[in-house]
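Each of the next two complexes has chain A plus one more chain, namely chain B in the first and chain C in the second.
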Partner chain A sequence: MVDWVGIYSVVLLVGSILMTAMVLVYTRMRACRTRVKQSLERCYLSILNRHLLEGGDLSSGFPLIDRRYSRLILATIVARLGAVTYGYDRSVLAAVVRRYALDRLLMQQASFSFGMRRVQWLHTFAMIDSAEGVYRRTLRRFGRSRNRYMALCMTLAALNHNPERSIAILAERRMPLSTFDLSEVLMMLKRGLIPVAYQPLLRSEYKNVRMLGLCIVRYFGVTEAEDDIVATISSSDSEVASSALFTLCALRLRLDRNEVRHASQRMNEDERRAWYRHLAAEGYSSRAIAKVLPANEQPQLREYVEQTVASYKRCLTN
Partner chain B sequence: MYKIAIISPDPFLRELLCNSFALTEAEISTFERWSDSLLVPLSRCNLVVSLIGYPFLNGYDAALRLRGGDEATENERPRIYVLSWLHDEQNVVSMLESGVDQYFTLPVNIPRLCGKIAAQIGEWRNG
Partner chain C sequence: MSENLLFGFSVAIVGALVAILIAVSIAATRILAAMRKGRMLSACHGYGSEAMSQTGVSVVVSGAQSEREIEERLSSEYWRYEVIVVLDSTRDGRLLSRLCRKYSMIRVSFPTDGDLKIDGVPLLYRSRQRRYRRLVLIDRLHRSRADDWNCGVVIASFDCIIPLESDRFLTSEALPRWVMELHETRPVRSDFISAQVSPTHFFDRRRVAMFSRMAVVRTGGFSGEHPRMQMMRCLRGRTLCLPLAMAKLRRRRSSNPLRQLLMTMGALPTTLLFVSLAVQRWELARAALMLVVAVYVTALFISTIALRVRLALDEEYCEDRSVSLRRLLRCSFRVF
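After this line comes the complex of A and B, so read on.
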């Protein structure tokens, strides 16, 4: 008679031993791959950074660069180096991209990947100086995507490729720019890739361009733009008007104006509550806020203003 | 030899700064994050470059602790540079008031930062 229990036990035991061995091998391989990746990252960053700081030639090149995996690491290093620094010679980074065809590699990698990995590769692509042909092909392939992250990557790539057309690129963009998108564009601007001229942006007829203008004014604290900001508060687009109102407060400018009063009357209760919270955080006193409260403001919101202002320990702006 | 400590949770930035500062001929040590156990080794450094700003803002008084209170003389105190993505005036002023010597916002100009450190080292050398 066959002992089925014994056979099952042996099969289970062998299976579990095999599974454990596979997990161990996989873990070791993964750890080894991570170590190789870290070593290559350190090596490539060192070579590139030394070359950017001290000059010299890159003819000796990068070790193991003939492998696709290594070139992807180099592409990531070039993109990150460009993202966190400014003042480096961009032509050196562009030359590295051309020499190892990193732009084409990133485009292929984005085509092979899906989901957020594709976005990640496209974002890396947007940070490097790509060749005209590769840029056009990438734009054709991904430019019509309705995925907002991919659309942002393509906008960033377009801004990086044609910085002199930045206003036109933002005007042509179909999707509105979110706060996250604006911060990404602002980072490019801070690296000196896009010209900072806020007046044409604030006076533009396109929503995205005006939002970027307000973002720039807020970021750099341009109080000279006061008249343009006040004019924007009366804009028919509620999102632009709200952004202008918050920009006025962020610059701690005078609130006692008809435009601000009208804007506060147009807001619903939740929007007013958020705005009062922002005013308190920016350091406005309850007396200054009282001047722009609608005459028929609810008692609980008046009390909310008092409590929120009292909760911030700040020098108050009257 | 002058000692520089770099504190950054981001390995890329840590490596980038370490690589760049190596040109200033200083001894460089890197740390991933702030902790109480770091105070002693950091206080022996001439310059601390931190990419983490919160120990200077949250009441921890990192600058005061690093400099060993009021007893340490001016020359014994490590200089503190902070690099951060925070750019609003309130944070920058708060950090400078809490004892930070230089504040840089990211993205940073690496040649300029290295130049400042080289100038600082030259100042120490010349007494």
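After this line comes the complex of A and C, so read on.
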């Protein structure tokens, strides 16, 4: 037994020494790599900015671009720049992608890596203008993944590749869009890739599309969509109905409607409490909230509403 | 007889050490995976944007002691967020008056018919200026941390509650990450999501957690000496292997169960060693000594894993190698 304990101790001791050495070397290497990466990023960004602003060909090229690592940095910069170039000629970035085959490189990188690193490369891939063949291959390889982040990346890639089919792409998506997914799609929309036509989105029969429509209306403050939002409140899907109520409230629109009252009635007591509390926090008066309360509302909930609204007002007994 | 006893004891200790090593390795792998996910998310433009901030979060702080602490908590970039600070003006009345002056706080009505029963008559203050709307003050006689948190839950505007002690601070990434995890589609909805306080405290019970307000009210509010732990035991939730909060004050005594376990396991063979030496049985003494060494080496290995996690988590961590090594040895002795 003593021998076994001794072997165990020696193995762990050697393991600790090796691991410590590896960690320290890795930290040092990472610091060096970060410095190189930062200088390359600065350099590539200035070259790309110059081309975006002044035009011209890319014959001058990028330093150290023959290295795989440098091309990956360039791909990341192109994706990041593409996400914030409002109104610039996107063909310059597309030309860079084609010239250095960045789309193929990103697809290979995603194939070689696993987990969140793969998602990171796929997300970068989704942000650049890829060639048709590479896009098809990537879709075939990762399109059927059950990982929700990879599925989101593929949806973003599809939206980037075929912006005119955006509604169909979202409708065909099997997984529901989470808040994060919606905000990512919204960022693409903000870049001008997807048309901001909220009406077909709000009137769609698909949950994902309606949720995106509500998100757009809320984010851009489209008060003209009032009728469509009110119609959405009657939706059978509780998540869509709740999002529509939230949107109506966020846009500070009138609440005394039958649809809102019916939606309140459908909620259980806890949900109603939360909804009234939300209204009070948003600044609605007790009179405005009283109009939303269902006719058969419990007296203690009515009192709760009064007191919650009063808790935002100056205490006159002071 | 004593040899058999020592043999069984040695097997049990080595088995426990191996189990701890495996558990620590799994925890470290999960932390590193969560960190990689965080890096991926921070590269996304939509992450933490206003479009994502549909879910509001109320942070309830019991017993803040300075203005700087409160300001630090208010600096979050998350959009729908409020900080409810529970103070006791009978202990330090000047802090309350300073805060009221600085943030233009006025006394407002406290809703007495809330979902939870509150002892005493708390006073509620909100700012008359819109830019300070995320700060809410409650002045009440301090009874317990659980009572303070319940008081905060009653007046919280949002449905997600993060109860905090005065020495705990959320990291800048905490709120968007927590909300994102909350909205991840799962078969069973969680009533709370807990997170670590320090990256290297793998099995620390002193976690922070974001609770659903409805779940807290349903269970009758916080209670007991360790209110957060008790609440987490009552509800169904999940744990996030990522440090989303930090403790600013050093605690005098750690309640890390891993450390306590290893200390106990280290103390027992040591006692055995001395007993064996006393009766001049070198074989037994040697076996006990080997067990002590095994425990120490395991602690050293765990510290190495902790160092790896720590260095990976902190991007800005550019420490001298000798300092890192010293820290490693100190840490392993502490664990031992």
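One rule holds in what follows: the second predicted complex is superposed on the first by the 259 of 318 C-alpha atoms of A that agree within 3 Å, B and C clash if a C-alpha of one lies under 4 Å from a C-alpha of the other, contacts with A are read in each partner's own complex, and residues count from 1 in each chain.
Keep in mind that, in the parts below, contacts are C-beta pairs under 8 Å (C-beta built on N, C-alpha and C of every residue); 3 or more make two chains touch, one makes a residue touch a chain.
None of the values given here were measured: they were computed from a predicted structure.
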Partner chain(s) touched by A:F246 [first = chain B, second = chain C, both, neither]: second
Partner chain(s) touched by A:A274 [first = chain B, second = chain C, both, neither]: second
Chain B versus chain C as contact partner of A:E184, first or second or both or neither: second
Partner chain in contact with A:Y304 - chain B first, chain C second, else both or neither: second
Contacts of A:A83 with chain B and chain C, given as first, second, both or neither: both
Touching partner for A:G15 - first (chain B), second (chain C), both, neither: second
Touching partner for A:Y219 - first (chain B), second (chain C), both, neither: both
Touching partner for A:A295 - first (chain B), second (chain C), both, neither: neither
Partner with the higher number of touched chain A residues, chain C or chain B: C
First, second, both or neither for A:R148, with chain B first and chain C second: second
Residues of chain A that lie at the interface with chain B and also at the interface with chain C: 83-84, 187, 219
Complex contacts: residues of chain A adjacent to chain B: 38, 41-42, 45-46, 49-50, 52-54, 80-81, 83-88, 187, 190-191, 219, 221
Residues on chain C engaged by chain A in the complex (per definition of touch): 7, 10-11, 14, 17, 33, 36-37, 39-41, 43-47, 49-52, 54-56, 106-115, 124, 126, 155, 157-159, 179-180, 183-185, 213-214, 217-218, 283, 286-287, 290-291, 293-294, 297-298, 300-301, 303-305, 307-308, 311, 317-318, 321, 324-325, 328
Touching residues (chain side chain B, partner chain A) in the complex: 11-13, 15-16, 19-20, 23, 87, 89, 106-112, 114
Of all residues in chain A, those that touch chain C in their complex: 1-2, 4-6, 8-9, 12-13, 15-16, 19-20, 23-24, 26-28, 31, 83-84, 115-117, 119-120, 123-124, 148-149, 175-176, 178-180, 182-187, 215, 218-219, 243, 246, 270, 273-274, 277-278, 280-281, 300, 303-304, 307-308, 310-315, 318
